[in-house]
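Right after this note come the structures.
Each of the next two complexes has subunit A plus one more chain, namely subunit B in the first and subunit C in the second.
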Partner chain A sequence: MVDLIKKNAKSLQESLFSSVGSAALTIATTYLVINFFRGMLGFALTSDKDWLAVLNNMQLYMVQAYPEEDFIRVWLSVGLTFVLAGLSIGIWRSDDRVKSSQVFNSFFKGGLGVLFFTIIAPTNSSFMGNDGSVITEEVFSMETRLGILIPVAIFCVIFFSIRFININFTVNSSDMVFFYLFIPVALLWFIKLPTIQLDQNNERIIPDPVMPIADTTKIPWTVIFVSFLASYFIGMYLKNIKSIKSIMSLSWFLLPLLIFSWIFKKPQIDMSVVLGSDLPIFGAFLLWGFLVITFVNNSIFKKYYSTYLGLTFLLTLVGVFSGLPMLAKTCLLLIALFSVVVPAVSTSSQGKRSLLIVWAVALVTLTFLLRGGASDTGIVVPGSSIFGGFSLTWLLAIFGTYVSFPLGVLLALGRNSKLPIIRIVCTGIIELTRSVPYITWLFFASVTLAVFLPAGVEFNLIVRVLMVTAFFSGAYFAENIRGGLQSIPKGQYEAADAIGMSPFQKISLIIMPQALRAVIPTLVSSAITAFKDSSLVTIIGLFDFLTIGKTVIGNQSIPVNFVGHDRENLIFVAIVYWIFTFTLSRRSMKVEKKLGLGER
Partner chain B sequence: MKNALKTLSFFRNVVFLKWASQIVFLVGLLYIIWSYIQNAVVNLEQTNIAFSWGWLGETPGVSIAEGMYTLPNSGRQMIQVGMLNMLRVTVTGIFAATFLGTFLGIARLSKNYIVEKTSTGLLEVVRNVPLLVQIFFFQAFVLTFPRLEVFDVGTYNLHVSAKGIAFPWFNRQPTAYLFWVYLIAILILANKIYKWRVQILEREGRETRPFLWSFGIFFGLLVAGWYGGYRVMGVIGFLAGYISTGVDLLPAIFYQILFSSIAVFIGYRSTKKFIDSKKSEEAQGIYSDDDYFKIILNVIVVLLVVVLMFSSVGLGLSNFLVGDELVFKADWGVPQFFDGVNNKLYWNPEAKIVLDAQLDGMKRADIIDWIAVPGTEVTKGDVIARATAKDLKGDLNQEISIYAKYTGVIEEVFVSKGDTVKINEKTYDIRVTDSKPLELSRPRIEQIGTTKFKKYADGFGKSLSVGYFAIWLGVVLYTAIFISEVVRAGIMAVSKGQSEAGLSLGLGRGALLRLIVLPQAIRVMLPPMGNQYLNLAKNTSLGIAVAYPEIVAVGQTLYNQEGQTLPVFLIWMAFYSTVSLTISTIINYYNRKMKIVER
Partner chain C sequence: MSIIQTKDVKKWFGDFQALKGISMDVAEGEVLVICGPSGSGKSTFIRCINRLEQHQEGQIIVDGIELTNDLKNIEAIRSEVGMVFQSFNLFPHLTVMQNITLAQIWVRKKNRAEAEEKAMELLERVGIPEQAQKFPGQLSGGQQQRVAIARALAMEPKIMLFDEPTSALDPEMIKEVLDVMKELAQSGMTMIVVTHEMGFAKEVADRVMLFDEGQLVEENTPEEFFNNPESDRTKLFLSQIL
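Coming up: the complex of A and B.
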């Protein structure tokens, strides 16, 4: 014990007080930091702040005006994300084990943090009233301080001294995630929070009564946590299935699309149309695909395969311009493309089986999407778009990336192309787009873009914003990817040429995988920037997460008065953005390390 | 090769395919662009807002919260105010962010645990929160202070209210511009002297004390300059007056011919250089189809420039350069620019007086009494004249005072007793001599006219509006954090052997950083630093969110007023491109200068 203190003291002295200058710097910085935290705590605790402005508006923050009877869709979306996360954690379960001492140490450190803030918290804090006078009030009484200090100190001492008793066990690091998540979910059932209640005159009761958390919050979260845990075990069980990892990656890619359509539409499906027209078409094309797969190796069919292909394409061409139902047209197009692929893939019986599964899944999805897309939505949002609050921010960030990334790849290839005209055009697009700030492009989307569209064509503002974002983020992605392309040695191109690859094969199989891998960190940081930039739509009047905090809540005046409580809301908004971007950047650093980038 | 080409059918020829596909692509692209423009023309006709630039000359009839002119008399002037406001944030922001960023970057490399962790913590917080949220927070922070009206009229040291932040500041006197030019001149001189002394030191090996020399001369000249010596720079204004007169005489066609010949000359020279390079031994005079394309492109570009110069675009540009009063009403031409230089950098520049009259409905004032005749010494804020303000109908209404905006001895007065002055224009010229270039003053709260509203007095201390404070602080902090990462990476890129070698030579830590590490780190740092500056310039556009009237906000006000969204968008594009290009040119210049000279 004494040795430990001695050792620590020595390293402390070396790092903090090695010279007079260093000591002065240490003291000055410590003073600044402590005063900063004191100021922040004092700021948060004075009576002119109303934190219920944040707490009371969680629903608004998340989904804005989404109708309450359809909330089950939102909960299911969140649940689905967690289930997929649980499965992924189970499948990619690491074998790293955390020692008990490390766990206790982290508890000890957490306790120390709480102790630090309890000790430095100011007793009195002051703010300026409306008449310019300074009001000072007690915000943190001695009883409260001691009430927190003593239990936390005991907690710290316990976890500090546990280190000297020999308890040695290890925990899987993935399991710890669930332990840390269990704590807030369990707390939901025990803690009580001040809640806004109105009396008979429809006025707010002051002080706010302390009440347990509503069932509509804690039950869904508990269910989600349980299914998260269950999917984790299922994931561990599924771990050894071949190609499960690529299926998971694909589902992560498709999940936002599913959630989008799920939240956007509650299809009012007309069953007579489904039975009368959709099902027969579905059955016919399923049979068609089945026949093609079955007989593809038949020698006679093989002989006339090109004739069959030609006929199919002709039929498709005729069909697309005829009065067939939309589903039939799309299926024709799909079967034509499918027929091209089949002979290349289905050689073994196993290949045939998986092809059949793919075909069936594709047909089901197509039928479902087309019927769902064509029918009316049952979700009615009065006066604004279905997406608002965090769901809009999420939509803009994810779909912005989805549409801009492919465009970025194309622009980067164009700029690196040997064809001068294409190169000049792509360079022009990239440079013009990048030279102007994002906000001017948003104004372009909201005001000018409509001028260029043919008469009668109109897009929703969100769609226009996505169109502009595709180009703007696309140009930035293109520049990043170009950096990756330039890092590929010339030998790679020449080697691909030497084994007779076509330009398309060369780019997609040799160059792009290497180029993209080299620039993963910058791509992630670009995606983070795109996420942060999505907050700019506030300025053109979309109701995203920031707008809710900045404008909508600031305008709530009856029966609760939240006017002038911008700072609390902005701090909350900042914290939420921070959590997402910080987690993302930390994850990308880990991936970077795993891939060994920068060590080549 | 030739034979092979003959035997191939043309549609299997690679060269043919390459160019045919590109031309098809280009034609397709142009067709798409053309059809969209057609759409725009049709749509604009239907809404009765045809594309035009006429609004640049018309009075927009809106006021701007802050800037050079708060009541601009034309759209052009309004745009000008927006541009200047944007540049104000950008230029000061770049310096502040570089300073803060370097400091933080070095702090992040500190061996001191607390310093390192604190700066890293700051980095993680600022970097991961959207800039707009931060700017909104700074705005909300100031806005929750009480309104200015609850405070008493008087002078303060530091003052925060919902109207902004005010603090003591060195305020410009009219001679300040002269002094800045003088300061730059003596800085260059000091630098030259330093280099000269170092040269002697290196040649002869004796101690020449270069730093002492240059600093001594700089300081001496600075003191001499402060007490009046800066007036020698008035020669610039003197010359500019003649240039202005000379340029005024040139016709527009001169510029058209000049630019066309420059374009032809540059095109000719680059083509010739290209052809010459092909004549070298490795190239052996063989031209690929890309090379032909380059030459043809050169010719096309030159022809395009010449045609443009003699079209309406070129005529507009030339009119702009000769300062044609009809097209560009006021002070935007080259002669007007030199006139301005003449005015600002003359040895006794024009100063201003202020009418204290922002009274509702008051349009003009008759000056009834001049107190300060030429020769009197006035201090800023002194009453130098009295006048009666009139409303539109010409009824006498109220007696008002006229204050001096600057300190000095009055030499000449341009408005005399009995003159009528327009109140809207607010400031009128007098000529002062013997004023110090800068003057420290404290902020002052004053009543606006006879209304119950108050404001921070102009020219006393410095008052930052809420919007300016929020956007400036937000942009500076955000960019500084990214610059600190650049600085850290730059310093870490210098190999450890370099510092060890420096230490083994017996250099101290300061000298090591200054002579060995930083010169090498700067090479790595400059390109990403330039990127951060570009980001800063673009991020100033968020000023619109906090009602700071920079170019985007002003543009938005304008198109709400006039309905001309496309021209405004083109102006934004041209302006931001120019700013970006300027910044990257400067960075590239330094980059080339800092490059390792390879043997």
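Coming up: the complex of A and C.
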């Protein structure tokens, strides 16, 4: 043990105090860091801060004014996501194992962090009172300090010295996910938090009574945790089923659509429209696509294929400006594009089959989006916007990335295409979206976009924002990915050609995987930017996470007066943003490391 | 019967004419070595045979199929013709095993187990079965080139094209690659090899050709080519490299 400390001390000395300059730098930085955290803690602990302004408003933070009787929809969406995640982790269960010493070491380090903050926290801190005088008070008494210090120190010593006892076991790294989720869920049942109680005169009872967490929070989370665990085991069991991975990928693709309709809509579908118009159109275009795929290799059809293509495009052009239902117009556009792709992709019967599946899925998605996305919502909420808070931020970030990433891949490929029309269109889209500020696009979504949509089609403001966000971040993704494409040597294309791969296989199996892993850092920073930029939607009247904290709670006076407590809320919001972006960047570093295997 | 026939193949890069009318036949099972100075069009010529370069005039017929712009013909020919490159061009993001099985699974539609069995068989044939789970970047140049040969063979091609397969290798690694190629030649594979390895040409080739400035200057048996060349250009070439 002494040797270990000596060794660590020596390496510390070498890295931090190797010369006079570096020693000075070390001391100065340490001083600054300690004072920064001291100041922050002192600020947070003074008695004029009301942290219940944050704690008491969790519901507002999460879903804003979403009606309480419909919360089950939100819980089901979260639950469904966790079930799908559990299945996926089970199916893609990694064989990596984490050593027990690594786990203990992370406990030890976590404990050290707590110790650090407990030690540096100031005893006294001052704030400015209502009359402008400076009030100094004791914020962190010696008893509290020792009350935290001693148990945590014991905790640290235990996990430090455990390495000298021969405990060696390894844990599957996928299993660790459950451990990390288990701790917060278990804590829900044990911790008690201060809660605001009002007396009969609607005055706040002080001191705030400590209450256990509400059943409406802990029961759903426990159910979700249990289903997550169950689906993990089911996933492991399903692992060997053929094509289960494709099915899972498809489910992930369809999940946001489902959640989207689930949260925004109460099913109010006019069956006469669905049966009389949607279904026939859907069936007709499914048949059309099927015929094209079937006869694409037929010699007569092949001979006149360009004539067919020309006619389809002409029909599309006429159709778009005619009085056809929206669905038919969009399907026409889709079949025209699809007909361009078919001859390049389909060669074998298997290729044809998967192409048919792609076509069917595309049609289902489109029909669903147009029927579901354009119909009125049945959910009535107070206020103008349907929901907000963290759900909105999360939706914009996830759905934005989720739509814009594939769009970015397509735009990047299109910009590199040999066909001039595709190249010009893609370049045009990229340059147009990138050269206009995001805020302008948001105003476009809120004010102008409706004018461009045909009469009768009306999208929710959030849907419109998602549309412009998809294009905006899609353009950035496209440029990042194009950078990756340019780093692929010509030899890779030639090698793929030489073993007889089709252009589609070449791009999806050889070029894209290499191009994407070359640009992971920039892709992640684009995704982080998109996540943070979602707070800009406040300017068009949506209530995102930040707006709730800064504006809504900062002006809240009923039932409890929280006016002027926006600083606590801003700190909370900043911490939540930081946790998510930091996790994202750490995960991406791990992915990068894992994918970088072949580069050495 | 000839498996490759070319008639008066011409090719331009901009104003520069790289091939000035090449006509030749390759019989099934024949090993043909093409040599010549840099820029003589020899690489361009064999890249035309599997359409990595497009010829502008003349005719190339491989295994009874003429190379035209028709994508189907090109894919058919490419799956019959294996190619080995000077710079290996292995897929760096895939393991050796995946490099060899990829085309079998996606182009030949084999199942994974079958493809892996074939891949192991080929890796044993080129002498590096123990490297199957490594990534290309972890192998030496000679090993990488042998993997590239195995990758091409996995498609069970009728013809193998070698585009200066040893030029990017350290001298001591050249032999291990040439040994694999010799073994391949003895097994009856039709091969066209662009190389500067005259030892290999003498020992293995059925025929040797000399290209110069986009033209086929001499075509001869190895004995005649090295001992008794017809053209002065060949004499000059041989005097410079031997």
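What we mean here is this: the second predicted complex is superposed on the first by the 368 of 600 C-alpha atoms of A that agree within 3 Å, B and C clash if a C-alpha of one lies under 4 Å from a C-alpha of the other, contacts with A are read in each partner's own complex, and residues count from 1 in each chain.
In the analysis below, a residue touches a chain if its C-beta (ideal position, glycine included) is under 8 Å from a C-beta of that chain, and two chains touch if they have at least 3 such contacts.
In this text, all values refer to a predicted model and were calculated from it rather than measured experimentally.
S.K.: Which of the two partners, first being subunit B and second being subunit C, lies in contact with A:Leu595: first, second, both, or neither?
M.R.: Only subunit C; A:Leu595 stays clear of subunit B.
S.K.: Figure out whether A:Phe452 sits in contact with subunit B (first) or subunit C (second), or with both, or with neither.
M.R.: A:Phe452: touches subunit B, not subunit C.
S.K.: Going by the contact rule set out at the top, does A:Thr30 touch subunit B (first), subunit C (second), both, or neither?
M.R.: first
S.K.: Identify the partner contact of A:Leu509: answer first if only subunit B is touched, second if only subunit C is, both if each is, neither if none is.
M.R.: In the superposition, A:Leu509 contacts subunit C only.
S.K.: Which partner, subunit B or subunit C, touches the larger number of subunit A residues?
M.R.: Higher number of touched subunit A residues: B.
S.K.: Between subunit B and subunit C, whom does A:Ile183 touch in the aligned arrangement: first, second, both, or neither?
M.R.: neither
S.K.: Once chain A of both complexes is superposed, is A:Ala498 in touch with subunit B (first), subunit C (second), both, or neither?
M.R.: After superposing on A, A:Ala498 lies in contact with subunit C but is clear of subunit B.
S.K.: Please write out, lowest number first, the residues of subunit A touched by both subunit B and subunit C across the two complexes.
M.R.: Common interface on subunit A, subunit B vs subunit C: nothing in common.
S.K.: What residues on subunit B touch subunit A, complex-wise?
M.R.: It is residues 18, 21-23, 25-26, 29, 36-37, 39-40, 42-44, 46, 110-115, 118, 124-125, 127-134, 136-137, 140-141, 143-147, 150-151, 290, 293-294, 297, 538-539, 541-542, 544-545, 552, 556, 559, 565-566, 569, 572-573, 576-577, 580 of subunit B that touch subunit A.
S.K.: Subunit A touches which residues of subunit C in the complex?
M.R.: So the residues of subunit C in touch with subunit A come to 50-52, 71-72, 75, 78-79, 81-83, 85, 87, 89-95, 102-103, 106-107, 109, 135-138, 151-152, 155.
S.K.: Which of the residues in subunit A come into contact with subunit C in the complex?
M.R.: Residue positions touching the partner: 344, 347-348, 350, 489, 491-492, 494-502, 505, 509-510, 513-514, 517, 595, 597-600.
S.K.: If you look only at subunit A, which of its residues touch subunit B in the complex?
M.R.: 12, 15-16, 18, 22, 25-26, 29-30, 32-33, 128-132, 418-422, 425, 432, 435-440, 443-444, 447-448, 450-455, 532-533, 535-536, 538-539, 546, 550, 564, 566-567, 570-571, 573-574, 577-578, 581-582, 585
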